[in-house]
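In what follows, chain A forms one complex with chain B and a second complex with chain C.
Here is the complex of A and B:
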């Protein structure tokens, strides 16, 4: 048999050259990630500052902004800055981060850019849970986030049970079952509106449109805890996820517990989407667009992490626009993201082709 | 002769229907073994069951003498590599980064890539002739290049045993031979045990030292190419009439199928 001997007589110089190129490639991806992270972080900070300074309705003397932010000024400035604008800006940033993370996780797991928690119905489950609390137990401390997580987990469980066949989950079925079940959740929520009292309905309605308007520090606390926990979880799962993206069989061959990791990641994504939804409502399309934007910037391998920053920048940016853009402002953030996201969604469907496989 | 892999009375299938029922087989260390048989004969199923990609309903699979299901999956992954039929390349990943994934079972949590990892990756790239492609995105490669990159990933996993499910499907004849040569080199130079599912009896006869012929979920014959590739066995396994002649260079058996038509008649 032919022997093309590359191993027994290793060519040291050729080997060194390949090693140099391998390292250069690795460095290039790392550098690209560093640049993307720095630019996006700067953008997020700039948008945070812009959101607090501009602030939409209500005038505050610029000289009062900084003292108020640190609680040194009382009266109107303190109220505007500390009670309204800061929680609002922080909520936009954190909710965006959570939406971005949840979307990118699902897109990666299901290997389909359309399969985000809001499209497959997880968010509808979260919404049904949160609405129940809004309408019947509005005074319950942290009732909405907890109910939203419960609702999303129940829906995820149902979707998972209905879409698994022969012990494996068919992702195509998962998306279809999710769309079906999400309709059930919407029907349930609509039913609740027919039996609840007017005042609660008004609150729930405003929440359902999706807006960071009127988020208080409790909401910011919920979002912060959520962002930290989900962020750490994603960090922990990251390497297993990158192995999973090679397909279930190769991932198993590489020593990944495929079903365990998948369930953990699906739950993590559901919890992230549910927490964000419970505080700011279903701000549409952020989870859909963040992942693909992150993939464009740094490649699929590092996209899940970067989508956190992309999502934060998107919601913050959309909110600054929603508050300050001439003619349209003020509009709820969710309306604006939907206006911008819907065309993208249509474009995605029109150009979508199944991911190439070897 | 030691057995690298042994399946003892395994039964497996999808859902309720069993594709393999109480099958036993032993695969010898340091050899190339080819699994052949007609479509749906269970050869891929057997490969997946011994690689723990499919759960087995009964029986046991021993890897180097230890029950594969009693070992943590990462430990198995350091001893047994499998290249499935259609792995997925993540969007816009480079060759170097893809092959790097093969190091997964050797890495501890939070550990960065080490120089030892890099050396293994470079060796895998060079052995498969893909070193030139290291910084290219995988989705821009040709089918043959891509298959060699996948094999490089499997080599980077650095396991004494490597299973491959139809590694030459979708490749043209030159690339098929290139891949088979590569596997033969690896087997010869590193003593790697290689098991592959093949559709090409002639290539199996040329490159494998042991052939397992399957039909209907059970093994019809196992042995050297000369023992297995007989006119009788091919007729039993594939229901195909053929002539077996020795290869002009290597004297390994090669088959020439005889169809229903008499092709000696000139039109």
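Here is the complex of A and C:
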């Protein structure tokens, strides 16, 4: 599209034809976007309902579910629905949205579908930070989210510093360095659990693998604030990001401060992944797969927005499966996202051509 | 051969290490190995005075708690650490030579995770127990996983085959460790019992030394004569063929030995990454690319590394100890990152 735009077209009828074609493409994309958004929203709502209704063990009278979901019942129904299942479902949705957003931002910026916070270890860094606070200063107000953001920023800085050589960053080197640093963070988290010596299986599962099990309303609040702030930030950056995708020189020509926007977007993505990680742990492969799915649905220009919905649907769906699937349930959410996401990752490295990624 | 009749387009001759250099390095390595072994036996959570250690070692049938700790815990554990490290060092060097990939390591490529997954599968689903059952399961798992990773790795379009192999390993390792979690997570008792299959450790594994030792001996002895064929394979496929080597067969033998070594190590202590990577690179730095020297040196360095990491892991905490896989990851990742930064690695 952009190529056609800049080309000079000498004759009037041809110009009109090009314009008509552009308009038609635009209309088609808009239609596709509307359809994709409505289908995905319906899916997310359906999964939310399913998550609250099915919700693993324990039985609640169906008549009590809806009132209990709004906190209007007491006793068992209140406990099961309002204290356990609602926060769990909402946390899955919001964390998925944040992971999806962060992954799509990174893929857009780094122009390598593999460079997402979960693969290059930014989630692992956030998890390491959050685990430190969780195990040693659990009383600290907002300790875990702040420590997670700090951890993710440290990792981001380290990855960027270590993967640049003479001022240029090769994206594959960045992925490799990230994988290495990720292993360090995982080792550190393991070490923390050994030192702390008070870890139950549930806590270890959340911080090592990622799980929405046992999230309370405080966690949902953190995630909501995170989702709103990061969503607004992404909305603000989206226009500049579009001009970045034209290439650094053209973007500078269009009045975009390239390096500042890039750093801001990288930090925003890291913060989004960190906030999600601080509540549900490093649920893997969600930020990796959300972006490419969104690109396939609506094209690269609108993928960042749609990946929020894709991520939400993925984590919610994985959690409903993790809770209710026969034979395997209950398992931590991160196990299912890895089992579904890793084959997709393999497919991505098998078909991906470096030149065609941008 | 090429010495007497140099061809116009002759490939670079096989890297040769002068035996004086090799012997010097070997002597130093063995000295370090002994030092690390002594440290591993002498140091631990329970401090025993050096003189007492010596007197206990001189009287094997002595009684008393310290004697018990030394003979049933520390000594088997130290030797198990040496064996596992040597196996991983050898496995790492052979894998790097065969794949011509400086980042190959049985842990990084996910092969140990695959072996561990099969062991856990056997334990949970079929109730298998005993070290030799673990070994055969680990062998099947390692063989299947390495085939899978290799097939994915060589088909990737990820910049270079070096990176493709690592990415394939990351994906396969993620699947395998998720499957381990899937198998063990529902039962707290099973989980705490099998947890070391996802993070390798030597704690409490000393007692299996006697059962697993034959497998280590066989694997290491099979690996030692591979140096020459690895040298020829490293000249490239066509040259090796020209020299009358059956390339596929030599590769297969090398891969089988590498898989055997890494399966034995995993069956003994669970997945431990980065030992093979670091040992192989250090060995090449010390004695050059000649595999006849670098293979045994890599084994010795792996043994030093793993035992040192285990001893350090016992000492860093006041109570309890850090799993050896955590220690090797902490030591190995800076090395991995340093390798990833090398100019020749990306876009080979």
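Here, the second predicted complex is superposed on the first by the 316 of 358 C-alpha atoms of A that agree within 3 Å, B and C clash if a C-alpha of one lies under 4 Å from a C-alpha of the other, contacts with A are read in each partner's own complex, and residues count from 1 in each chain.
Here is the rule we use: contacts are C-beta pairs under 8 Å (C-beta built on N, C-alpha and C of every residue); 3 or more make two chains touch, one makes a residue touch a chain.
Since this is a predicted model, take the numbers as computed values, not measurements.
Colleague: After the superposition on A, what does A:253 contact: first (chain B), second (chain C), both or neither?
Modeller: A:253 contacts chain B only, not chain C.
Colleague: Between chain B (first) and chain C (second), which, if any, makes contact with A:181: first, second, both or neither?
Modeller: second
Colleague: So, A:284: does it touch chain B (first), chain C (second), both, or neither?
Modeller: A:284 contacts chain C only, not chain B.
Colleague: Figure out whether A:299 sits in contact with chain B (first) or chain C (second), or with both, or with neither.
Modeller: first
Colleague: Name the contact category of A:119: first (chain B only), second (chain C only), both, or neither.
Modeller: second
Colleague: Return first, second, both or neither, reflecting whether A:24 touches chain B, chain C, both chains, or no partner chain.
Modeller: After superposition on chain A, A:24 lies in contact with chain B alone.
Colleague: Would you check which partner chain A:330 touches, where first means chain B only, second means chain C only, and both and neither mean what they say?
Modeller: Once the two structures are laid over each other on A, A:330 reaches chain C alone.
Colleague: Could you list which residues of chain A make contact with chain B in one structure and with chain C in the other?
Modeller: The overlap between the chain B and chain C interfaces on chain A comprises residues 165.
Colleague: Report the residues of chain C in contact with chain A in the complex, numbered from low to high.
Modeller: 103, 152, 155-160, 163-164, 166-168, 170-172, 174-175, 177-179, 181-182, 185-186, 188, 191-192, 199, 273-274, 317, 319-323, 325-327, 329-330, 332-334, 336-337, 340-341, 343, 345-347
Colleague: Residues of chain A touching chain B in their complex?
Modeller: 1-8, 10, 14-15, 18-19, 21-26, 28-29, 111, 165-167, 239, 242-243, 245-247, 249-250, 252-257, 295, 299-301, 355-358
Colleague: Applying the document's contact rule, which stretches of chain B touch chain A when the two form their complex?
Modeller: 14-15, 48, 51-53, 55, 73-78, 80-84, 86-94, 96-97, 101-102, 104-105, 107, 109, 113, 118-119, 121-123, 125-127, 131, 134-135, 138-139, 143, 146-147, 150, 157, 181-182, 184-185, 188-190, 207
Colleague: Quick check on the complex: what are the chain A residues that touch chain C?
Modeller: Touching chain C: residues 114, 119, 162-163, 165, 170, 172-173, 175-177, 179-181, 183-184, 186-188, 190-191, 194-195, 197, 201, 205, 209, 284-285, 328, 330-332, 334-336, 338-339, 341-343, 345-346, 349-354 of chain A.
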